[in-house]
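Presented below is the structure to which this report refers.
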Amino acid sequence: MHNLESKIEAILFFKSEPVSLKKLGEVLKVSPGEVLSAISNLKTSLENRGIVLIENNNEFALGTSPDLSSFIEELQKEELNRDLSKASLETLSIILYKNGVSRSEIDYIRGVNSSFTLRALSIRGLIEKTIDPKDSRRYIYKPSFELLSYMGVKSVEELPDYFEVNASVEVAAKGLEDLSAVESGENSNVDSSTK
Amino acid sequence: MHNLESKIEAILFFKSEPVSLKKLGEVLKVSPGEVLSAISNLKTSLENRGIVLIENNNEFALGTSPDLSSFIEELQKEELNRDLSKASLETLSIILYKNGVSRSEIDYIRGVNSSFTLRALSIRGLIEKTIDPKDSRRYIYKPSFELLSYMGVKSVEELPDYFEVNASVEVAAKGLEDLSAVESGENSNVDSSTK
Amino acid sequence: MESDIYQIKVAGFEGPFNLLLNLIEKRKLFINDVSLSQVTEEYLAYMQKLGGLKPSEVSSFVLVAATLLLIKSKSLLPTLDLTLEEEGDIKNLEERLRLFETFSKLAENIKKDFGRNIIFAPLERKSDVVVFLPDSQISKESMMTFARNLLDSMPKKVFLPEVEVKKVISIEEMIDRLGERIQNALKMSFKEFSGGKAVTKEERINTIVGFLAMLEMVRNGIIDAIQEENSEDIIIEKTISTNRESNA
């Protein structure tokens, strides 16, 4: 009898692209909680194997183990682009460690307008933008599976000092609320272009 | 430490197609006997899992467990019959109006990475890809004949306002060259500051 | 486009925080009002070379310069009273700079780790059965509309919104006022200079006069930036609400 864990493994293998928690629950006709517990078992089963489970914003996918990176790269014909500009690196570090951040927050931290860099990173598939659930007029930028793959981490939590940094920048982000100047600057941008 | 077994698992997973015993031996730099014994271990590890090892004429591949085949078939059927997403329709419109377009051009025009979308369109037979004669590492995408006849046109030129929209798409795609120029400009900037 | 690329290379810094942090780190200092005051002159001297950058970029450098001027003025003339708002600006700059420092360090790690150990997704399956499965949403008209909407939603170059210009103008006023205040304070607290310790009275006055000259140069730089506003534009993303309209 095949259990939930092996069914999830089969789905992820078959789809070979990220599948959401919601979708897995629908297909398997079980609750999100049941999916998550099966996923956690699957992670354990995949330890020390050639395949790993990557997790990003409640989506899941399979990939080859990061330890075998150089080995698999030899089998790959496509050229890998490892170049990142300073602007891109700064922007990626903010998006990775804040795991969900608006453009105005990125601009605030970097002290410059980041729209050009964000578009370039999005075209490269390293970041994803979604509409902010708290404010439908703006976007939230998040790391993509591709970015986690290039960083060789199975989830953002595996990034060095993730929890420590994430907590400290949460506090700092509070200071952002005081800075209405930058925010209103961006909003008026938006207004003027919709007119 | 990763053993032969997990390396074979990673290779088969990555390649997504049957790999011969001979090829595995070459890539892993071990004898056919060693490959076979690792394969036998892998088979055991994969028992009761969602993924199985398929063997045919000394060729090996990973596949979903046969016990789950009806489940996977259902999943596929449901997938194929689903309405195309906005992303798919957008991508398709660019492929129709720029007859012969690369993935990076599509990504640039859409502002997001299109690899999963292109695969979905390919599986449904709506587009065809051929190797770019100018660069053998990349593909050129075109609408399929079936798609054109479904739309009731003999060639893309018969699409509404083809020449006008085509010209705009061509102009838009040109921006990609500027983008790469800036990116490499930024890179040289990073170089000079790290020196 | 080409001239912009050239200018960015000459400038060598991605924005004011990058420059400021670099100046502080070069001196092996920590981020505080003392170190910021020490690097102010170098920062302002650097700003003189900024001509040719996009006004939007210049204005981000100018905004930081305004706060640095406050810090420097206070260090030159301890008797100068800062308003609560000005004190707040200084504190805010220090905090933002520390935040930027955190992410700059993380960015260096990312540079090291990016692409070192990659988790590869499987290659595309060749065996995937291709069946022709169209969709009723595909028609000649819908495809044309999708293509047109997509082209429309690409980022356009738009004129810099007026607010940005106003912000820059108010900084120019602020610098004028600051200049006056320093000159007045200089007259009023003259006895402060007679008690000079390591530095002589003349040297201190020279420092302040030099600083005022620098203020004047920055002011001129801002005027240049404002004059450029009309000829330059910036890239702006299409807003969400219009994207949605195209969805419908």
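Things worth noting here:
Lettered A, B and C in written order, each chain numbered from 1.
In the analysis below, a residue touches a chain if its C-beta (ideal position, glycine included) is under 8 Å from a C-beta of that chain, and two chains touch if they have at least 3 such contacts.
In this text, all values refer to a predicted model and were calculated from it rather than measured experimentally.
The chains that touch both subunit A and subunit C are B.
Look at the CA centroids: the one farthest from the centroid of subunit A belongs to C.
Taking the mean of all protein Cα atoms as the centre, the chain whose own Cα mean lies nearest is A. The centroid of the Cα atoms in subunit A and the matching centroid in subunit C are 27 Å apart.
Averaged Cα coordinates give subunit A a centre that lies 20 Å from the centre of subunit B. The distance from the centre of subunit B to the centre of subunit C, each centre being the mean of the chain's C-alpha atoms, comes to 40 Å. Within subunit B, residues 13-16, 111, 119, 182, 186, 189, 193 each touch two or more of the remaining chains.
Chain contacts: subunit C has residues 14, 120, 122, 125, 155 touching two or more partner chains. Within the complex formed with subunit C, the subunit A residues making contact are 16-17, 52, 54, 61-67, 69, 72-73, 76, 80, 82, 84, 86-87, 89-90, 92-94, 96-97, 103, 108-113, 115-116, 119, 131, 136-139, 145, 148-152, 154, 160, 165, 168-169, 172, 175, 178-179, 181, 184-185, 188-190, 192-194.
Residues of subunit C that touch subunit B in their complex: 1-2, 4-5, 8-9, 12-14, 120, 122-128, 130-135, 137-148, 150-151, 154-155, 247. Here subunit C touches subunit A in the complex through residues 14-18, 56-57, 60, 64, 92, 95-96, 99-100, 102-104, 106-111, 113-122, 125, 155-156, 158, 161-164, 167, 234-242, going by the rule given at the top.
Residues 2, 5-11, 13-16, 27, 45, 48-51, 62, 64-65, 67-68, 71-72, 75-76, 104, 107-108, 111-113, 115-116, 119, 137, 179, 182-184, 186-187, 189-190, 193 of subunit B are the ones that touch subunit A when the two sit in their complex.
Across the complex, subunit B meets subunit C through its residues 13-17, 80-81, 83-84, 86, 89-90, 92-94, 96-97, 109-111, 119, 122-126, 144, 146-147, 150-153, 159-161, 165, 168-169, 172, 175, 178, 181-182, 185-186, 188-189, 192-193.
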